[in-house]
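Both of the next two complexes hold chain A, though its partner changes from chain B to chain C.
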Partner chain A sequence: MIQMFVQSAWLIPLYPLLGMLLSIFWFPAITHATGPRPSGYLNVVMTLLAFTHGLLALIGLNNGQAPIEFSLPWLQVAGLDLSIPIEISSLTVGAIVVVTMLNLLAQVFAIGYLEMDWGWARFYSLLALFEAGMCALVLCDSLFFAYVVLEILTLATYLIIGIWFNQPLVVTGARDAFLTKRVGDLFLLMGVLAIYPLAGTWNFDELATWAQTAEVDPTLMSLVGLALIAGPMGKCAQFPLHLWLDEAMEGPIPASILRNSVVVATGAWVLIKLEPVLALSPFTLNACIFIGAVTALGGTLIAIAQIDLKRCLSYLVSAYLGVVFIAVGVQQVEAAFLMTLSHAFSMALLVMAIGCIIWNCITQDIRQYGGLWARRPITGIAFLVGTAGLIALPPFGGFWAMLDLGDELISTRPMLLGLLLVVNALAAFSLMRVFSLVWGNQPKPMTARSPEVFWPMTLPTVIMVGFVLHLPLILQAIGLLPDWATINKDVALLFIWSTIFGLSIGGVVFLGSYIKKPVEFPIKAVQDLLAYDFYTPKLYRSTIVLFVGILSTITAFFDRFLVDGIVNLFGTVTVFSGQSLRYSTSGQAQFYVLTILLGITFLALLVSWPLISHLSLVTS
Partner chain B sequence: MQLQYFLLLAAALFCIGIYGLVTSRNAIRVLMSIELLLNAVNLNLMAFSNFLDPAEVRGQVFTVFVITIAAAEAAVGLAIVLSIYRNRDTVDMEQFNLLKW
Partner chain C sequence: MLSLLIWLPVIGALVLALLPAAVPTHKIRLGAIALSSLLFAGSLYLLFQLDLSDPALQMQEYIRWIPTLGLNYSLGVDGLSLPLVVLTNLLTLAVVYSAAIWIVNGVNGSDRQRLFYVLVLLANAGIVGALAAQNLLLFVLFYELELIPFYLMIVVWGGAKRDYAAIKFLIYTAISGLLVLVGFLALRWLTDASSFDYEVIKTQGLSIRTQVVLLTLLLAGFGIKIPLVPLHTWLPDAYVEAATPVAILLGGVLAKLGTYGLVRYGLGLFPEAWKVVAPGLGIIAAVCILYGAMAAIAQKDIKRMVAYSSIGHMGYVLLGTVALTPLAMVGAVSQMISHGLILALLFYLVGIIEKKVGTRELDVLNGLLNPLRGLPLTSALLVLAGMASAGIPGLVGFVAEFLVFQGTYATFPLPTLLAVVGTGLTAVYFVILLNRTCFGRLDNRTAYYPRVTLAEQAPALALTAVIFFLGVQPTWLVRWTESTSTAIVASLPAETPEWRVATGATDSQEPTQAIALTAPALSTQSQSTQAH
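And then the complex of A and B:
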C-alpha cells in the first residue's frame, strides 16, 4: 500500500495542476451567481491530497522503501534525448512535503485573508500553479527541466504579483519581477546550453559524476559557472537582482508567504543541486560567496532601515538566501539545505504573523504601529517564534544551519564567519525592531482598536508555530543535528552572543525610552541610503534601463529613418523627378522645335563623329 | 564659283531660318522663317543639281516640287494662324502655351 504511494509520488504535481484547471469555473466571468469561494476550497482539498500523498510516500521511503529513479519520455530528436528524469528519494519527497504543507497553510490563510475579495479563482489557480511547479522542480532531476519549471514560475510570479492590476505600483512591481527574474533565467539558459557539450548530460546526478573527473578549461568553466549562478541569483533576489522582491511585496500576503518561503528557495534548490559543477571553478565559488556576502550584509542593513512592514521581511529573505549562497560557495551543501528549510519555515511564520497584523490594522507603515502585545498575543508569539527560528538562537532551526556553516568557516575563512556573525546580529536587531515597534510601546491611532484575527488566519499561523518549534526535533529524528559532543562550542557561543547582542540592542533602542522615536541615525545620508535600498531603482534606471532605452530609441530611429528612409527615398526621388521633369513640356511649340533640332544635331554629331574627329581645319 | 560656297550660303540661310523659327514671337514671322528654311533647301538642291547632275537636273525638279509644297504649306499655315487669331485675338507665340505640363 505504502509502496504504491511511493511509486506514484510523481503524480503529486498533478493534484494542484488539476485544482488550477478546475478553478477556472469560478472565474467571475463564468460563474456569475454564486461567487468564487468554491475554487479556494477545491484547491485546499487538492493541496491536502498532495500533502497526504507526499507524507505517505515519505513514510514509505523512511521505512526502507528504496528511492525510485525513472524517466518519462518527452522528446527524442536526432542526437538529443529529452526525457524527464524523475527522482523519488526521501530528499525530494521531503521537499514536496514542505512545499505542499506551506501551500496548504498559505491557502487556508488566504481563505481568511481574501475574505472580501472576488478574485479567488485567479488567486488560487496561480497558487496551485506555484505548488505544481515547485513539486515538479524538486521531482525532476534534470537541469533542463528545472529551467523549464523556473521559467513557468517566473511567468506565474508575474501573474500573481499583478493580481490586483488596477493598482499602478502592482503593475510596475510585476513588470520588474518578471524582467529581473527573466534576465537571470536567460543567463541560466546560456549556462544550461553551454554545459551540455561539456558534460553531455543535464541530469544532476550525472553532472555530479562528470564533475568529479572533469578536465575543463578553467576560464570556460568559470564562465559557465557564472551563468549557472546568475539564474538562482535572480530567483533568490540576490544583489544586484534583488529589487524585484521589494516590489513583489505589492502582491497579496498569502502569495508573499509562499514567495518568501519557498518560491525564492527554488533558485536555491537549483544552486545547491549544481554545487558539484560550480565546484569545478574556484572563481565561481568565490563569486557565489561574494554575491551571498554582499546580499546578506546589504539585505540585513536595508531591512533595519525599512518602514514598510512587508519590506522589513523581504530584505531578510534576500539576506538569508545570501547565506545559502555562501554555504554553497564553501561547498556546505548540508548547511545550505538546512538553511533553506529553516528559513522557509520561519519566514513563512513571520509573514503570516505580519499578514494577521496588517489585515485589520490596514496600514503597513511600521511607524503607525505600537502596543499590540496586550491584545494580539498569538500573533506576537508567532512573530517571536519565527524570529527565534530564523536567527541563530538555539535550539531552533536557524541556529543549526548557521552552526554547520560556522564550523566549516572558522578554520577556512574566519573573515566570512565574522560576516555571518554580523549578519546574524543585524537580522536579530532588525526583527527585534519590528517586534518592538509593532507589539511594544504604546498604541497609536491606527492600532488603538485591533482585535485578534479570526480562525482561518490564526489556525495556519498557530500550526506554523508548532512546526517551527518542532523543527529541531524533526531534524534530530532524521539525524541531521550534530551530536552535542562534536559541536564546536566556540562557534556556537559566538552565534549565541551575536544573537543576544542584536536582540538586546534592538530591544533597548526601540522598547526603551532612552532614544527619541523616530530614531535618527547620526548620518542622515546613510539612513536614507539604506531606507531607499541603496537607490537601486535609480541605479537600474541609470544603467541597464537607460542603456537599453537609448539603444532601443536609436534602433527604432535607425529603423524608422534609415532603413525605411532609403526605400522611401527611391519613391520620393521618382515622384520628384516626375514632378520636375514635366516642366520640359513647356507648351511652347518653338521650344519643341528647338528640342527636335538639338536632338537631330546631337544624333548627327554622334553618327558623324568618326568623320569629324579626323577633320583638320588646317590643311597641310 | 564652287559648290561649297553655295552649300555654305544655304547652310547660313538655314541657320538664320532656324534662329528666326525658335526666337520669333510673331506667328507670321515663324512661317516666314520656315520659308527661309525651305529656300535654303532649294538652294542646296539647285547647287547639287548644277554641279553634280548637270545632265538630268533632277535637283531642279525637286526644287519645283518643294516650291509648290511650300506654297501649299504657307497657305495652310496662314489659315491656322488666322483661326488661332480669331479665337485668341493675338499672334504672339508666347501666348500659345496652353498645352503645357
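And then the complex of A and C:
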C-alpha cells in the first residue's frame, strides 16, 4: 500500500495543477452565482491531498522503501535527449512535504486574509501553480528542467504580485520582479547552454560526477559558473538583483508567506544542487561567498532601517539566503540545506504573525504601532517563536544551521565567521526592534482596538508555531543534528553571545525609555542610505533602465528617420506641405528601389566578408 | 493531393466570386469557412500521411509544362514545407472564420466580405503553391502571384495610411521576387541545367565565388520577405495598416516564405557557399533580434510593437539556419511554426482590443484585465501570448528558441548569447505592453466596451490551445521535420570550402588556411569552446 504512494510520488505536482485548472471555472467572468470562494476550498483540498500523499511517501521511504530514479521521455530530437529525470528519495519527498505543508497553511491563511477579495480564483490558481512548480523542481534532477521550472515561476511571480493590478505600485512591483528574475533566468539559460557542450549532460547527478574529473579552461568555467549562479541570485534576491523582493511586498500576505519562505528557496535549491559544478572554479565560489556576504550584511542593515512591517522581514530573507550563498561558497552543502529549511519555517511564521497584525490594524507603517502585547499575545508569541527559530538561539533550527557553518569557518575563514556573528546579531537586533515597536511600548491610535483575528489566520499561525518549535526534534529524527560530543563549544558560545547581544541591545534601544523615540541613527545620511535600500532603485533607473530606454529610443528614431526616412524623404516633404501622399506620379518608387539597393549592398558586404577581407589581403 | 490543396481554393474563390449578388453574405462566409476547414483537414491528413523516416520529397506530382523554358509543374513536400502548409491552412481557417469581426464596416459602407474571402483563398493557394513547388520557376510564379491578393487586401481593408503601406509592400516584395528570379535564371544559365526542376540543378560545378554572388541575390530577395534588417521597412507599415486578418496572414505565413526560401533554395542549392556566408548571417540574425526588440520597446502602438517583435523573432529562424547542426535546423523550422502561431494570436488579440476598446495606444489603454467591465479573457490570452513570445517554457516559443540556441551555441557562441539577450528584451516590451494594457485601473466612466462573444474568442482559444499543447508536448512540433532537417545538414560538405580567388596569378599560391572563415569577432571564442 505504502509502496504505491512512494512509486506514485512523482505525480504529486498534478494535484495542485488539477486544482489550478479547476479554479478557472470560478473566475468572476465565468461563474457569477457561487462567488469565487469554492476555488479556494478546492485548492485547499487539493493541497491537503498532495501533502498527505507526500507524507505517506515519506513515511514509506523512511521505513526502508528504496528510493526510485527513472526518467520520463519528453523530447528527443536530433541527438538531443531531453528526458525528465525523476528522483524520489527521502530528501526530495521531504522537500515536497515542506512545500505542500507551507502551501496548505498559506492557503488556509488566505481564506481569512482575502475574505473580502474577489480575485480568489486567480490567486489560488497561482498559488497552486507555485506549489506544482516547486514540487516539480525538487523532483526533477536536471538543470535544464530546473531552469524550465524557475522560468515558469518567474511568470507566476509576475502574475501573483500583480494580483491587485489596480494599484500603480503593484504594477511596477510586478514588472520589476518579473524583469529582475528574468535577467537572472536568462543568465542561467546561458549557463545551461554553455555547460552542455562541456559536460554532455544536464542531470545534476551526472554533472557532479563529471565535475570530479573534469578539466576545463578556468576562465570559461568561471564565466559559466557566474552565469549559473545568476539564476539563483535573482530568485534568492541577492545583491544587486534584490530589489524585486522589496517591491513584491505590495502583493497580498499569503503569497508573501510562500515567497519569503519557499519560493526564494527554489534558487537556493538549484544553487546547492550545482555546488559540485561551481566548485570547478574557485573564482565562482569566491563570487558566491562575496555576493552572499554583501547581501547578508547589507540586507540585515537595510532591514533595521525600514519602516514598513513587511519590508523589515523581506530584507532579512535576502540576508539569510545570502548566508546560504556563503555556505555553498565554502562548500558546506549540509549547512546550506539546514539554513534553507530553518529559514523557511521561521520566516513563514514571522510573515504569518505580521499578516495577522496588518489585517486588522490596516497599516503597514511600523511607526503607527505599539502596545499590542496585551491585545495580541498569541501573535506576539508567534513572532517571538519565529525570531527564535531564525536567529542562532539554541535549541532552535537557525542555531544548528549557523553552528554547522561556523564550525567549518572557524578554522578556514575566521573573517567570514566574524561576519556571520555580526549578521546574526544584526538580525536579532532587527527582529527585536520590530517586536518592541509593535508589541512593546504604549498603544497608538491604530492599535487601540486590535483583537486577535479569526481562526483561518490564527490556526495556521499556531500550527506553524508548533512546527518551528519542533523543528530541532525533526532534524534530530532525520539525523541532521550534530552529536553533542562533536560540537565546537566555542563557536556555539560565540553565536549565543551574538544573539544575546543583538536581542538585548534591540530591547534596550526600542523598549526602554533611555533613548528618545523615534529612534534615529546619529548620522542621517547613513540612515537614509539604508532606508532607501542603498538607493538601488535610483541605481537601476540611472543605469540599465536608462541604457535600454535610450538605446530603444535611438533604434526607433533610427528606424523611423534614417532607414524609413530615406524612403520617405519625398513623402515627408509632401506631408509638411499639407498634401496627401501620392505614389503613382511622384517617383516614390525610385526611392524604394534606392533604399532596397542600399540595404542589399549592406547585406552583401556583410555576407561576403571573407571574400572581401581576402581581396584586401591580396592587394596589400 | 497537393494539387488539390492548391487548386481547390482557386476554384472555390472563382465560385464565390461568380455567385449571384443575391446570395447573402453569411452564406458566402459559411461557404468560405467550409472550404478552408476542408483545406485544413486535407493538409492535416497529408501531415499524417508523411513518412517521417524518409527525408526526401514525398507526394510528388510532375507534369511537363513548357520544356523550352524549363518550367514544369512539379510539386512535392517534405518535413520542411508540409508543416508550413498546415500552418498556412490553419491560419487561413482562423482568418476566414473571424474576418467578419473586422471587416464589417469597410470602405464605402459596404463590407465587401465576398471579395475578402476570394482574396484570402487566392492568397492561400499562392502560398501553398510556393511551398509545394519543386520547380524554381514555378516557385517564383507562385511567389509573385500571391502578392496581388495581399496587395489588394491591404489596400481595401487597411487603416488610414493603407495606400502608402500597400504600395511600399508591393514594391519591396516585387523586388524581392525579381531578385529571386534573377538569381534562379542566372543559376540555370551558369549550370547548364536541363530545366528549372529543383533536383536537376546542381551548383557543385560552380566556383565558390559565383555561388556566393548567386546566393547573395537570393539572400537579398528572401531577406526582404523575412524581413532582415535593414530591408524591413515595409513591414511595420504593412502589418500595422493591414486589417487584423490580413496582418495575421502577412506575419503568420507570408513572411515564412522568406525563411522557407532561404533554407530550400539558399541552403539547399548552395551548400558550399552557405558555409562561407554563415558567420555573416549569424551576425545579421543577432542584429535583427536586437534591433527588432529595441525598436519594439520604444513603440506606443501595440500593433506596431507586435509588428517589430516579428522582426526580432524571424531573426531566431535565421540564426537556426546558419549553425548547420541538425538541432538548430529543427529549431529553425519549429521557430517558423511557433512564430506563425504566436504572432497570429497576438495580432488577433490586439485586433479584438482595437475593435472593442477603440484604440491601440499604450497611453490610453488601461486595466483590461478587470473581470466585469474589461476584456478579461482577451487580456488573459494576451498575457499568455506575450509570454509565449518572450520564450517562457511550457509554451511553444520556448521549445523552438531553445533548440535554436542549443544547436547554435557551439558554432556561434556570441550571436547565440546576444539572441538570449534578445529574449530578455522581448520580455521587456511585452511587460510594458501587458502592464499598460491589462494591468492598471480601468476608468469606469469610459469602460463601456461591447462584450467579446465566445464565437469571437474561438480562434484565439484554439490558437492558444495549440501553442500550449506544442509547448508541453514538443515532440508533436519537431517530429515532422526532424528527418528532413537532419538530412539537409547531412548533405552539406563536411569541409568548409576554401576561398580561391582566381583573378590574379598570385592568388593560387596564397595559403588559404590563413583566412578565418568564421567572422573575426567570433572565431576566437568558438575555438575556445570547441577546444574543451
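The rule is simple: the second predicted complex is superposed on the first by the 568 of 620 C-alpha atoms of A that agree within 3 Å, B and C clash if a C-alpha of one lies under 4 Å from a C-alpha of the other, contacts with A are read in each partner's own complex, and residues count from 1 in each chain.
Everything that follows uses one rule, which is that contacts are C-beta pairs under 8 Å (C-beta built on N, C-alpha and C of every residue); 3 or more make two chains touch, one makes a residue touch a chain.
All values derive from a computational prediction rather than experimental measurement.
Residue contacts after overlaying the shared chain place A:451 against neither chain B nor chain C.
Counting the residues of chain A that each partner touches, chain B and chain C differ, and the larger count belongs to C.
By the document's definition of touching, of the two partners only chain C reaches A:159; chain B does not. After overlaying the two complexes on the shared chain, residue contacts for A:118 are found with chain C alone; chain B is out of touch.
In the superposition on chain A, contact of A:64 is made with neither chain B nor chain C.
Look at A:182: by the touch rule set out above, it reaches chain C but stays clear of chain B. Counting contacts by the rule stated earlier, residues 583, 588-589, 593 of chain A appear in both its interface with chain B and its interface with chain C. Chain A meets chain C in the complex at residues 27-29, 74-80, 118, 147-149, 151-152, 154-155, 158-159, 162, 165-168, 170-172, 174-175, 178-179, 182-183, 186, 189-190, 193-194, 196-198, 216-217, 220, 548-549, 551-553, 555-557, 559, 563-564, 567, 571, 581, 583, 588-589, 592-593, 595-596, 598-600, 602-604, 606-611, 613-615, 617-618.
Considering their complex, residues 161, 163-164, 167-168, 171-172, 175, 179, 209, 212, 215-216, 219-220, 223-224, 228, 230-233, 236, 276-277, 279-281, 283-284, 291, 294-299, 325-327, 329-330, 367, 369, 371-372, 376-377, 383, 387, 392-394, 398-399, 403, 405-407, 409-410, 413, 416-417, 420-421, 423-425, 427-428, 431-432, 435, 438-442, 474-475, 478-479, 482, 485-486, 499, 501, 504, 506-507, 510, 514-517, 519-520, 528-532 of chain C touch chain A. Those residues of chain B whose C-beta lies close enough to touch chain A in the complex are 18, 21-24, 30, 93-94, 96-101.
Residues 582-583, 585-591, 593-594, 597 of chain A are the ones touching chain B in the complex.
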